[in-house]
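One structure is given here, and the rest of the page talks about it.
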Amino acid sequence: MKKFSIIFLALILALSLAGTSLAKDTLVVADQYDATTLDPIGHNDYPTSRACSHIYDTLVFLNHDGTLRPGLAEKWEFLTDKDYKMYLRKGVKFHNGDEMTAADVKFSLERANTPAGSHIHTYSQDLDNVEIVDDYTVIIHLKKVNYPFFSSLVHSWGNIVCKKVVEAAGDDYGMNPVGTGPFKFKEWAKGDHYTFERFDDYWGEKAKFKTLIVRSIPEPTNRTIELETGAVDIAYPVTTIELARIEENPELVLQRKVIPSTTYMGFNVHKAPFDNVKVRHAIHALLDTVNIQRAVFRGVGQTPRSLIPAVTKYSINDDLPAHTRNVETAKKLFAEAGVNPATLKFIIRSNERKERIDMATIIQAQLAEVGIQTEIVQQEWGAYLNVLQQKQHDVFLLGWGLSVPDPDYAVAGLLESNAGTNYTTFDDPKLNEMLVKGRSLPDGEERAAVYKEMQLYINEQLPMIYLHNDEAIAGVRKIVKGFEVDPFEVHSFRGVYFEE
Amino acid sequence: MSEKEIIPELVRKRRSPFVDVMMRLAKSPLAMFGLAIIFVLVFCAIFAELISPYSPIKQDLMHMFETPSAEHWLGTDEFGRDILSRLIYGARVSLQVGFIAVGIALVTGGMLGAVSGYYSGKLDNIIMRVMDVLLSIPQTLLAIAIVAALGPSLMNLMIAVGISAVPTYARIVRGSVLSIRSMEFIEAARAAGSSDLRIILKHIIPNSMAPIIVQSTLGVASAILNAAGLSFIGLGIQPPNPEWGAMLSGGRQYIRDYPHMTLYPGLAIMLTILALNFLGDGLRDALDPKLKR
Amino acid sequence: MDNMLDIRNLTIHYEVESGTVHAVEGLNLTLGRGESLGFVGETGAGKTTTALGIMRLIPNPPGKIKSGEIIFDGENLLDKSEAEMRKIRGEKIAMIFQDPMTSLNPVMTVDKQIAEMISLHKKVTKSEALKLAGDMLELVGIRRERMHDYPHQFSGGMKQRVVIAIALACDPELLIADEPTTALDVTIQAQVLELMKELKQKFSASMILITHDLGIVAEICDKVAIMYAGRVVEYADKRSLYSHPIHPYTRGLFRSVPDIDEDVDELPVIPGLMPDPVNLPSGCAFHPRCSMATEECAKVRPEMQEAEPGHFAACPFCVKKFMNGEAL
Amino acid sequence: MLKYILRRIIMLIPVLLGVAFCVFTLLYFTPGDPARMVLGDLATDEAIKEFRDKEGLNDPFLVQFGNYIWKAVAHGDIGRSYSSKRPVMQEILTAFPYTLKLSAFAMIIAIIIGIPCGIISAIKQYSWFDTITMIFAMIGLSMPVFWLGLLLILFFAVRLRWLPSSGFSTFKAMILPSVALAAQSISMVTRMTRSSMLEVIRADYIRTARAKGQKESIVIGVHALRNALIPVVTLCGLQFGQLLSGAILTESIFAVPGVGRLMVNAIMSRDYPMVQGGVLFIAVTFSIVNLLVDLLYAYIDPRIKAELK
């Protein structure tokens, strides 16, 4: 027995030593979740967008400040409000050696409107067709004027795939991606990690390290531990509780940036008493949203004051005063509405995300002070969405993030009458009109005015109470240089290098 | 010739079987330890309002994450709620889940098992095949699927945990029924013209009690564990209700800074299970002295 | 007399929850070379414990040899180390157990179980041992082809034959047979007994036959020891014991054996039960059941006394009577 | 023997049909529209309708079930995952090695620790070793795996920094999850070995072996152990089956991308084909492990073997 255990120990030792030797030509990143597919139009979630961004390129690239720069398209011109001419970069190679041409661009964008792209139809639905002028020139034709559409090309859906490969692979494409990006696919241990390798024929600046490994570590604590022990070089997202630990560690650097996202508590405005705008304001007055945000996020992010996130253009967030709790106002409003808060009883719904449940728990307690009885129902995502779609809910907590830097996306998806994700059931002709107008205008004073008015109008109607505007936070080892956290949370490693 | 014959059985004084079992149980210190803890828990569950120092859901955002102190013996959680109070109320939830889930499993499984064992033949075959089907789906997975289907709530949790344990009881009951059925006194009862139902209720069930009692005690333990596991992955009891598994899961991300948030609920679960297991083991030995070594 | 086995004042106790079980209490016994001794007593009298004591196989805990000597071939077995005892077990002293159903390892073929014994005590190769095992099987009347079978494939009688084969495989000097036929059908009993008798002759071993059946003793043994509550109460050669038992217990035993020559309505039974071995009666353990008991019997523990040459009994009262030629 | 195996496999068929039916029914009544889950909350109504038509989600219940079984039986096709679009079988086979490794390690640990501890406990019954082992075994049995996992992480990953807290690609990373998962099995194996050993070492044939003059180590190690292991093997087999299918919590704590986590994610995201396929797969694995256990049982115990023939 003894002998056996010695052998066993030796085995453990040997294997553990073998596991640790990593030459610094490999960047190991910890993400929260694994990608679901590597087909750029087969998803609409952050981890997958991030994975795709390493393998693929889009026609235009997004700068951290929200402006655009040339990507696979060297330059472009707007022929009309609905027709964009794109001049493609020449000599761009796919990972399989084929050259990228106009046919691939046409195929990639038009594919988004097939059932395969149903996840991202919101972005692609106004695309009519892509016209091939020659091998290196295409014209994108829209069905109707939609200025935000052009910005949406930076979203994962605008990634250019290789027509030949996609057609050959069929349903299996998601596991065998071929793009033009700086990294090519190597292997994917689903649920654990994926490994990409530098693409040496990349058209732009080549990656400065050979291998990229992205591990999925769902537990925030575990991500930090792995970062501290040096098992990973970059870890995100970092949660509040882990901030100080990373900040205080001399080997680590904390990077944080406010991002265009909003967590809100929505009312079902078609259901009494929430159909009464006074009741909505009364409930708002009861909630100390600033301190709720502080208690739950303890220094990360802020309480939004407008639906268009502070970092997004035309936001008036920073011009508005902070919300303060006022129970007297609330009582007055309830009285005006003819509602006795002590008789109110409703359900607050959320998915099982910890911070949302935490916020709901505090909200519940604060509402209880005037006798409002609430029950928190947390459901797993599928059942939760289903309930929201039935539109029989009372009050719910949900988040909304922008991956495209245009204020239209911050409002339309949530409040436009026909939007699939309009769970407040808000149905207001005036707002619809404003949205259409905003989309039809090119950037400028006039467009800014539309969105300013829109924001004030929404705050007046108050279909939702804003709870939290998040930050993108990443922990980075000091030796990792050239990484900057992306405000749209599609972090890029194109410029990353090591400094020993 | 074995020890049993070398050491002749002492002539036992005639006592009722219940007293007899209890006397034997009382001889096992571990079983008594278990029983004591269970009494404490039951006491907590019944008198939670009286003994808990604070309300389990009262938030105090000024005193979040406090480590144990004179005011909060076990500290406070991320909302400044008193952990001790939450544990005390949590006992109520856990015991409820444990006992009701086992109750569901026992009644359903017991009936199926008794009927199956008593009538044998085709009916037995059908029931046992259905049990086989349920048995080949792992309990946790089955419970998750049931909770997912019914939606998470205390009742559904109990149903899910209960249903997933039905086959175990059906098998045990069927087994003991089969062994008892062939015994002479059943034949005698049948010969005396007793009805099937009467035979099942009056003879078979009482006589198959021993393994059922043992299994139920252990079953309560595994039901509590199962329910805590489901709550841990977010499919259990809804906030702000205090449930040990959910408390553990909630404190999980603070484990490095505030380990007390996970330590105590974990300890509570473990102690409860430990107590039930000790008691179950003790009962097994007491009910079946032959097994005692 | 050349005593092969001489047990002196052997005391074996079991420590159990309810107290100390006095399984064997100051037992004396001798056995000559080539002799066979019938060891008779009721269940619980301590016969098996004595046998296990000789083998030094008392389960400990709870059992313990408290005192005494077991002189075998002039050496005290109780002074032997465990390793020395292992040499003696099987090779010098072999044992046949009561229940053949459980005495064989269910997951081992019988030839291996016999061969194990052989390899332990003889310098032979594995295949030789297996061959010898086959020989042994044939000797006890089992066809060689069946040597690779498992115990469960044999009937009870055949299993007991296998057990006998194991015991005799190394030609032991002393064979202890613990109720070898009790668990068998009556017809099989006779066959097995016949076999044992025959083999005993053939191997010229001494034997202790533990039984509660006086008939079997009469058939096989030369000497008889009667045991009661942990002690030998009477010891004699078969003839004298059967013709004139002395101890009241022995006489009681004989009376309870049906005699086909006589026609009685009811067999006289010894009144009362075996005493609780945890609380043995003071003095003579038998006195509570003895019709002849006096106050003296409850006080003094009677020693064995020689009533006639080779015939001992532990009842001074009866011995005296016998020697005086009075009727018992 | 072969006939027996064949019969067992044939008996599996109705069980699997039953499992498929159960899961199908359960999912059918589970709230949440798979179309919505698959296509995302941005999907248009047309897209959802199209999806439902294509996947046959609008067909009557029995038709859906029949189609599923027919495809599975006739083409060996148990569908594609809604979320990854990969064949369900492929997804499972990607995840299964992790679970298999995890369970196997846990089982090996349980056997390496449990059997010797059980044997020593039995031989030295009532000694301090026995008492301590039994108390530890009881604690191990009562320890919620998710708590033990957290404690292990806290201690070995956070405090001592010896072992990684998640991932399952290196041997080092496998240690903590395997140990956490093994805890209950260690306890069970120890307890079972002990009680079975206690029963066996009092058996008559053990005395026979001693009476032969056999060394105590061989008496225990060969005669007693082989007999005592019969129920232990059964237990290990059943445990292994349980581990294979039930490592859900462990997998979720240590982020092991195994079948358990795959299944939970599938249930959460309404990935119907994945759930169905997964449960069927688990049921098959479970049954095969049970069959193997029975065969092993027969191998160890000739009495059972005789019955099988």
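When the chains are written out, they are named A, B, C and D in that same order, and each has its own residue count from 1.
Just so it is clear, a contact is a pair of C-beta atoms (placed from the backbone, for glycine too) under 8 Å apart; a residue touches a chain by one contact, two chains touch by 3 or more.
Keep in mind that this is a model prediction, so the values were computed, not measured.
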Between subunit A and subunit C, the fewest steps along chains that touch one another | 2
Core chain by centroid distance, with centroids computed from Cα atoms only = D
Sort out for me whether A-B or C-D is joined by the greater number of C-beta contact pairs.
-> C-D
Determine, using the mean of C-alpha atoms as each chain's centre, which chain is farthest from subunit C.
-> A
Round to the nearest whole Å and give the separation of the Cα centres of subunit B and subunit C.
-> 51
Distance in whole angstrom between the CA centres of subunit A and subunit B is 45
Centre distance in Å when subunit B and subunit D are each reduced to the mean of their C-alpha atoms | 22
If you look at subunit B, which of its residues touch at least two other chains?
-> 3, 148, 151, 252, 255-256
Which subunit A residues reach two or more other chains?
-> 219, 221, 380, 383
Among the residues of subunit C, pick out those that touch two or more other chains and give their numbers.
-> 59, 97-99
In their shared complex, at which residues does subunit A touch subunit D?
-> 1, 4-5, 8, 12, 15-16, 18-20, 34, 36-37, 39, 42-44, 115, 118-122, 125, 171-172, 174-175, 189-193, 215-219, 221-222, 225-226, 229, 231, 380-383, 385-387, 389, 413, 420-421
Which of the residues in subunit A come into contact with subunit B in the complex?
-> 219-221, 224, 239, 241, 245, 291, 295, 352, 354, 357-358, 360-362, 364-365, 375-380, 383
Contact footprint of subunit D on subunit B as seen in their complex = 2-3, 30, 129-130, 132-134, 136-141, 144-146, 148-149, 151, 221, 225, 228-229, 232-233, 245, 248-249, 252, 255-256, 259, 262, 266, 269-271, 273-274, 277-278, 281, 293
Of all residues in subunit D, which touch subunit A in the complex?
-> 30-33, 36-37, 39-45, 47-48, 50-51, 54, 80, 83-86, 91, 94-95, 98, 112, 116, 153, 157-158, 161, 164-173, 175, 252-253, 255-258, 261-262, 267-270
Subunit D residues touching subunit C - in the complex, by the definition given at the top = 125-126, 202-205, 207-216, 223, 226-227, 230, 300-303, 306
